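Residue numbering begins at 1 within each chain, and the chains themselves are lettered A, B, C, D, E and F in the order written.
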Amino acid sequence: MTLTHLDDSDRPKMVDVSDKDNTQRVATASGIIKVSNEAYEVVINNSAKKGPVLQTAVIAAISGAKKTSDLIPMCHPLMLTSVKIDVQELPELPGFKLYATAKLVGKTGVEMEALTAVSVGLLTIYDMLKAIDKGMIIENIQLEHKSGGKSGDFNR
Amino acid sequence: MTLTHLDDSDRPKMVDVSDKDNTQRVATASGIIKVSNEAYEVVINNSAKKGPVLQTAVIAAISGAKKTSDLIPMCHPLMLTSVKIDVQELPELPGFKLYATAKLVGKTGVEMEALTAVSVGLLTIYDMLKAIDKGMIIENIQLEHKSGGKSGDFNR
Amino acid sequence: MTLTHLDDSDRPKMVDVSDKDNTQRVATASGIIKVSNEAYEVVINNSAKKGPVLQTAVIAAISGAKKTSDLIPMCHPLMLTSVKIDVQELPELPGFKLYATAKLVGKTGVEMEALTAVSVGLLTIYDMLKAIDKGMIIENIQLEHKSGGKSGDFNR
Amino acid sequence: MTLTHLDDSDRPKMVDVSDKDNTQRVATASGIIKVSNEAYEVVINNSAKKGPVLQTAVIAAISGAKKTSDLIPMCHPLMLTSVKIDVQELPELPGFKLYATAKLVGKTGVEMEALTAVSVGLLTIYDMLKAIDKGMIIENIQLEHKSGGKSGDFNR
Amino acid sequence: MTLTHLDDSDRPKMVDVSDKDNTQRVATASGIIKVSNEAYEVVINNSAKKGPVLQTAVIAAISGAKKTSDLIPMCHPLMLTSVKIDVQELPELPGFKLYATAKLVGKTGVEMEALTAVSVGLLTIYDMLKAIDKGMIIENIQLEHKSGGKSGDFNR
Amino acid sequence: MTLTHLDDSDRPKMVDVSDKDNTQRVATASGIIKVSNEAYEVVINNSAKKGPVLQTAVIAAISGAKKTSDLIPMCHPLMLTSVKIDVQELPELPGFKLYATAKLVGKTGVEMEALTAVSVGLLTIYDMLKAIDKGMIIENIQLEHKSGGKSGDFNR
């Protein structure tokens, strides 16, 4: 069990992927925001408002995926070839579940890009609703699926 | 119950805070990352490694707080006057709990800055440990405390 | 007639506003994108699609306003207190007119922030529609109104 | 006629270019800024000043091209292999015409990079001259030429 | 002697300046780049080329000052009110000396902004000349003067 | 002797590397910060503090390498495949020497990335220690080694 992000002197490093193959990499992550009934109703019961709230989160999530290497110190800069976001309404929680799928043809995986997209999307929903409910909780940000690369596939 | 981030035509907007007072604002947020026993042991049992892993997260969290208005579309650019991060070891989970406290003397609150710092810090721990454990889950990102401003204090 | 952005040796500089008063500054800019009939129809005749196309432009415009000092070399970093975007449908052109209003309580005007928001919003509409029409033209990006500060008001 | 940037649920997405070929892509865009006689004279009649004004615009345009995927939400991050800017003096308008040519060996076109470079360059000229003339108008930002990629060439 | 950037647990922090006064802060830094005779001649003997080389450095230095809090993890985001750059030709070295002066009306000093501007400006000269000379050395980046704030003035 | 970053009209340009081969490029740069005895002692004699001071510099240096094309106007955006930082203690100076090695499989060299990493790392050490010593000097930022690409290897 080694920490790939530390060198022999235990200094943080950006892992050397120079010799890895350029293969297609895909990662899907998800996360949930649990909101109050009031906040949920305001978004869901008003189709004129649901659009802009959730689309702002979708757009922020996509932009967030592109900022991953700027946010996470040891992440490689990557040329993402696809980012897709889905938002599910969870009436029983109540809340929203946000999915992000990132793709790359490159030398390293895109798990962090998918997870960052989810985090930024959920933070944006929090921001849009925080005047109504400051007690919202972001939960279960997790990798759902990963394929491509030498370390093999991951499926939750 | 209104969505302050939508205008009369339901377009997203940056809320007008021009007429608000410059007061001292403080917000504390927290969040947890649940990791495998193996990942936890690698970090905790090796003081030479614990430092760089957790400090990378602390530094990323502080930098993340400063990027909030770049990440969250409707957030105001702010001149943060303080950001402090704490990391607790949770041996029973096992995992780590990260706290962020942001301060500002200004016209709007810093909840999003504290929440963004926590999110980026936890994502960084995920990144540092993902070669060992891809199943880690980020949980309970939430506002703990907020003070300052017209909307009053919040304490979880 | 002097170029305020050049010093005595004709080197570019960021103008010294240290001694200016903190006053309320407002600026409104506008611009137009002229699109083909086909592109216009696709957006306008489908309310399910009109929302995301125009809202993506609105969000990009707001984010763009916040990036002004990063884009325009001599612009001061500013703590915008408000950004609002409006989009008008121009069926006869056909095309869209985008308005941006930026506000600040500070030492320098926000014309560039309003103009940058308009430019980025219109570029985003171009991007959303370019698979249908690559011949679109962005026109008439101009300051509509400016108030606050020593140089007085401007109204087109 | 489809909006490639919307998915089946009409959510904005970054188009999936994973399976596209890496080919050489070139795009040229142009745009004009119309300025007052006074502003034009200050720049043109003083070679010591013309250099820094127009070069600031050139440099901002090149930097702007590199920021395209940060500004336009659905744009892919790209590794531009060339950006060239030209500025023409238009004494009869009076004003300036700015051209930007961007190149890439990659999976998607660089129209947005060329158009963004032009927009940022013209905004920079506005900024450099706005103490003399606030009524300047940015006009005719348009794609001139595009080659490479499956959608074929475009020539205005 | 304490390290103000570490908290009681020796974690990095952004120092709390919430209670400091808003006063005028000024800092000047300088640095040198030593270049080969050939590189120096190419720049100096050709006035058509000297302008763009040195102005690119000036513009990069000003933009660099604005990016300080993005580059240096514990730096506060600041609203700089002035940045001025000067470049001296040093024919005997040969090389160039770059000065940066930054100003702020705020709660913390601008030494890092002046030093960052100098560093980025000198790196830009290196970049512009590196096809001619890869052996150039950047030297003596140092604070020249600082005033404002509780810690008093500094003059080298 | 030509300035590759200027075009035929002496305008700055991003050099066209479209037709260059994708080869492995490596560059190592180094630089020194000379500090007071007091500042050196505080860092070195306290292992609890040495870690966070030097690791903050290491992390800032890696992040700085990734920002090179955002800082240096004519630099190409690059997908770095590796960044490693080393810090040596220089008790006799006293001070610290920071090394950065950057790698890329691509069309252009990574000298600027290595030099930028060194500069940002050293500025970060300055920032961490400036409450103790404002007279520190950053020296000898230079390329140590470069390989890959048509212009051949460089070894100091």
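In this section, a contact is a pair of C-beta atoms (placed from the backbone, for glycine too) under 8 Å apart; a residue touches a chain by one contact, two chains touch by 3 or more.
A quick note: this is a predicted structure, and the numbers were derived from the prediction, not measured.
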Checklist entry - Of all chains present, which has the mean Cα position farthest from that of subunit F? => result C
Next on the checklist: Going by average Cα coordinates, which chain is farthest removed from subunit A?
Outcome noted: E
Checklist outcome for this item: Of A-F and A-C, the pair joined by more C-beta contact pairs is A-F
Item to check | Between subunit B and subunit C, centroid-to-centroid distance (C-alpha), Å | outcome: 31
Next on the checklist: Centroid from C-alpha atoms only, then distance subunit C to subunit D, rounded to Å. What do you get?
Outcome noted: 15
Checklist entry - In subunit A, what residues contact two or more other chains? => result 11-12, 51-52, 55-56, 59-60, 63, 67, 70, 73-74, 77-79
Next on the checklist: Under the stated touch criterion, can you name all the chain pairs that qualify?
Outcome noted: A-B, A-C, A-D, A-F, B-C, B-E, B-F, C-D, C-E, D-E, D-F, E-F
Checklist entry - Can you list the subunit F residues touching subunit A in their complex? => result 24, 55, 58-59, 62-63, 65-67, 77-87, 103-105
Item to check | Residues of subunit F touching subunit D in the complex | outcome: 7, 9, 11-18, 69-70, 73-74, 76-79, 106-107
Item to check | Residues of subunit A defined as touching subunit C within the complex | outcome: 51-52, 55-56, 59-60, 63
Checklist entry - Quick one: in the complex, what on subunit E touches subunit F? => result 1-6, 10-12, 31, 38-39, 41-43, 48-49, 51-53, 56, 59-60, 63-64, 67, 70-75, 111-112, 115-116, 119-120, 122-124, 126-132, 134-143, 146, 151, 154, 156
